[in-house]
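You will see subunit A twice below: alongside subunit B first, and alongside subunit C after that.
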Partner chain A sequence: MNDAADAPVPIKRLVGNGEHISLIAEEFGFARFESILEAQENASLRSARTNPHQLVPDDLLVIPDRESHAVDVPIDATSRIVIQRQRLFLRIKVLDLFGEPVASAGGRLETETVTIRVATDSEGLLHVQIPRNTKQAELRINDLVFTILVGSLQPESFTEGIRARLINLGCWAGQPQIDDVGTEGEFALGIELMQDELGLPVDGLVSSSFANQLLSKHGQ
Partner chain B sequence: MADEAAPESPTGASTTSGGISAVNTVADAIVYRVSPTTDAADNGTVRTFLRPIGCVRIDDSRFDFDSSFILPETTAELALLSTRRPVVAAALLAIFGHADPVNNDEYNKELSTRRAKALYGLLVRDVELWDELFRNPHGGDAWNNTHTCVMLNEIGFPTPVIKSANTESRTAVRNFQKGNSLPVTGDMDQQTRKLLFASYMDAICLDSAGVAFQYKKQDFLSRSAAGTSTGVPDFQGCSEFNPVFVLSESLDRDLSDPKRKAQRNAINSSNRRVVVYVFPNDVRFPLDKWPCPAKGTAGCRKQFWKDGDERRKPKQLARQYLFANNTFACKFYDRLTRGSPCEAVRQTLTITLQDEFGKLMPGAPFRLTLDAEVREGRSNSNAQVVEDNIYLGPRGLLEWGDSPELASIDADAKVFRFRRTIFFDLDQDDASVVDRQLHNLAIVEGDRAERLALLRQQQELGNVTDDQTAEALAQVLMQGAERSDPTV
Partner chain C sequence: MLGHDTFRLRTPFEDLVVRIDRFAGPPSGEQRALARRAMSDLRFGVEGHDPGIVATAQKIVIALDGGGSFGLFSLRELGPLLIDASFETQLLRRLDEEFERGRLIVEREQLAPLTERRDLFEMPELGPPARQPVPETTFIAIRLVDQNAAPVPGRPFRIELPDGSSREGFTDPDGFGRVGGLRQDGLAKVIFLDVDELDFKSKNPVDRIIIPVGDEQESNEERLDDVRQALGKPPEETADQHFVELVLLDQDDVPIADELVVVVDASGHELIALSDEFGNVRVNGLIAGPVKIDLRNRDEWSLDEP
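For the complex of A and B:
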């Protein structure tokens, strides 16, 4: 047997629907998601995804070996070793039907594993820590209810990334396309509504300038 | 007697001869896609929505012409509504009336509001609202003895339907008064009117089992047990601002001739409609922010797209809302309803069936699945499927041809030899129309130049066997040549 045969086979992990990097880091026991993303084998993906929290289904991640850390502990005493795992947050501005911030309002966020009391600040911003493996949550603020898919937001360079941001901003843009029977008219509607809101010429078409302005309005 | 609703389609739609009930594409809860973050400077946005989950449309034919009086045949669409939104359900309702471009915006704002109000009054049994309509005529919308006669007939007091009261109609009124312990005068006094309205409402507002039903005022968007003083947002009129069909400039010019008024009215009938939208019950908003004005068009105009007036004007080609997406002036209504099958145009559809070799298929079985309904039958002797009175969206699923081999596998299942998504929005002024035409002709492999070359080859090989199809192919070739590389 030679050295090559002995070398561990790197684990390759395809990103599934609604999965985000922190969830995958949690799955493989990494305290920080950067430990995966910064692996040499993930260099091209790293440069393709400018926001590491916005992966796309079928993105391929190579999971590196976990580094071992030597810790000196006395043999005649109980020692406590604390691993500082990265904290994950949901930070979203909550707007009402007419685009006004839902400010200083209380409510709750229910994930697959926990229910958390939450409140928005004076700008309508909600900032709450969530479990790293959260994929879905229901947010109730005042009497408004939002079903949230955490980690499903694709980059703005993807059609579905544009559609999702339009919908998040209250501009209905159709259901995600799942076959050749799409909802182009509704997608165009979302673009037109946002173009109108941004003061741009209204033609229902996506340009890079539109995508940038959308990103700026939406955040993320 | 009202007609029966067609069977519900897989998309949850039903149609009658005077309306349609459908599920809107947003149907289930809207989901917001956000990314989590480890960075305190990185935040996204979520904004709540107002999108209907279903709709029921009542066509112009269910109202007396230029009138808000609801005819008895509306029972069929009211039954659809009771199924779409059962009285015990929690979903919220709102009614939008629409007029056609004949007459002016202000007149039509009032007429469309009156139609919406009449329907609301019927659904919640508010006879006072009907009496207001009766007492306050608006142009041609003047409830008169004709309507009294229609109502009396419907509740079992027969009389000829005539515009001015005569002995016979007065006798019917007397009989009605006698039967209801009212002072017997033969006059339509207010007490008689209100009881007649209530009896007529109960007679026509029936569910699919033929049982009278009514909603509570809090079943509407305002959630108020008393309704609102202005009617909005529970019911409102959109004037002529949101046509589902806009004529071409040339036809509009031709039909402006007063001698062709009847034809103009007929072609505009799809625009005259009342639509009831069904909203999820978790919708919340401050009522004073609702943008639709109860009266006047100035408030409507504030909600227009910047080019709103341009959108509703005739242009070179005729346009349908569900195909072109640019005929509604009101951005707010467009935002609510884009893609809704209840905003389709009722029309006649003709499709020629061919097999994989381009051979015509007369007498072939077919099934056409649309957002609005499913239709089945056989092509005629010219291999054509001709379907009248169909609410057409931009596309549908067509299955056609016998398939004995597949049928032998499962005798119960209806199986077809061919299955294809067919595009109907072929009269739009955009380059992709050629691709849609080629798709309908099953020419899908290769780039556009290759597909057009194949089409030309098929034409020259003589696979095309009827004049109409040859003409359609020639049209595709012409458009393709115009809109792609000139050397194609």
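For the complex of A and C:
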């Protein structure tokens, strides 16, 4: 058998809907997601996705090998093992229907595995650590209920990325992931609403200037 | 309840004291913030049908009404199991209004350390169960291990007794199974009911073994020796008597469940275990000497030296 045949076959992992790099790092036991992204085989994806937290379904990741190491532990005793895991935080600004911050409000965030008590600051900002493998959460602040799809936000260069940001900012832009004519009309309407809000010429089209300003207003 | 007009709201997150003040004016800004927290806790508990919080919410409203009724319901007649969505809504709305009017005042309470806190609702302390004499005279003990000699817990087994009757049970965390209270001697047959579910397959299939009924009052080690003897193995005094226990946590002390751990004892014998929901791992059956562990599915981990 030659050396090539002996070499381990690299694991390839397609990104699925609602999956993000922290979730995949946890799945493969990497303390830091950068350990995956920095693999040489992922160079092209790295350059295509400037924000590593905004992967797109069907992006292909190559999972590098991990180095195994063993440690001595005392026999007939209990030992504490600490596993390093990068922390994952959710940062959301909560605004009411009039665009005013929902400030100093308490509530709770329910992920698939934990329920976390949360509170917004004086500017309506919520900053909370969530489990690394969270895909979806429900946020309840006062009487408001939001469903949060963690890791589903696509880059602004994608139609769905624009649509999701418009919806997050209160401009209805049609159902995500549907490309029929009616939805496209709603998408254009959402763009026009935001163009008006940003003081841009209202034409319902996505220009680079619009995309940049939308990104700036949305944050990320 | 602390007094007629003072209530402790015990939630998963904190302890708050809610006090009734029928003559108070509009609440201050701090009071409003505390009231929002209390309402959040109450809403969480009432909507989640937490019996302790529902009962406290009911008592507050009853006290506000001077012990009378609340809306369409007579709260004194309602138990936690009888609440429905409209009742919850009315209860929460009423509390919200009272906080808003300032008739309900919230005070912080110094939190006790987590380990000293009681559960969400109080449970009566149960006395020890009454002991009833069981006329055990003999017993049968077995131990189920995998191909690496690691104990296999929680597996159902059946023991067919010499008189044709049978008894069933589950193996304990050390792989032991035991039935007692037997009044007959002879040969018994042990059957592991779901052995096909285990990953033994062709490597080392578990046989149906026949074990003589033994005497009562033996220790675990003696029971283990009984099993060895029945399997034709001599009792071992030093081997397989040692263990390692691990607690797997992340850097925030969050337990890591279902983590694969490889344990290698002094003889090079490799055992594989998974952590439970609390991050605990225990591997028995090790021989004396140095033990190494490896978390092969993790890249950054270490032994936390005391």
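Couple of notes before you dig in:
Going forward, the second predicted complex is superposed on the first by the 200 of 220 C-alpha atoms of A that agree within 3 Å, B and C clash if a C-alpha of one lies under 4 Å from a C-alpha of the other, contacts with A are read in each partner's own complex, and residues count from 1 in each chain.
The definition used in the following text is that a residue touches a chain if its C-beta (ideal position, glycine included) is under 8 Å from a C-beta of that chain, and two chains touch if they have at least 3 such contacts.
Owing to the predicted nature of the structure, the values given are computational and were not obtained by experimental measurement.
Of the two partner chains placed by the overlay, only subunit C lies in contact with A:75; subunit B stays clear of it.
By the touch criterion stated above, A:87 is placed in contact with subunit B and with subunit C alike. In the superposed model, A:12 makes contact with neither subunit B nor subunit C. In the superposition on chain A, A:107 contacts subunit C only, with no contact to subunit B. Residue by residue along subunit A, subunit B and subunit C are tallied for touches, and B comes out ahead.
On subunit A, the patch touched by subunit B and the patch touched by subunit C overlap at residues 87, 142. Residues 25-26, 29-38, 40, 42-51, 282-285, 289, 305-307, 322, 325, 331, 334-335, 338-339, 394-395, 397, 421 of subunit B are the ones touching subunit A in the complex. Only residues 20, 22, 33, 51, 53-54, 86-99, 125, 127, 130, 134, 139, 142-154, 164, 167-172, 174-175, 180-181, 183, 185-186, 188-189, 192-193, 196, 202, 204, 217-220 of subunit A touch subunit B when the two sit together in their complex. Interface residues of subunit A, counted against subunit C in their complex, comprise 28-32, 35, 66-85, 87, 104-108, 115, 117, 129, 142. By the touch rule above, subunit C contacts subunit A in their complex via residues 12-13, 33, 36-37, 40, 44, 242-252, 256, 259, 262, 264, 286, 288-304, 306.
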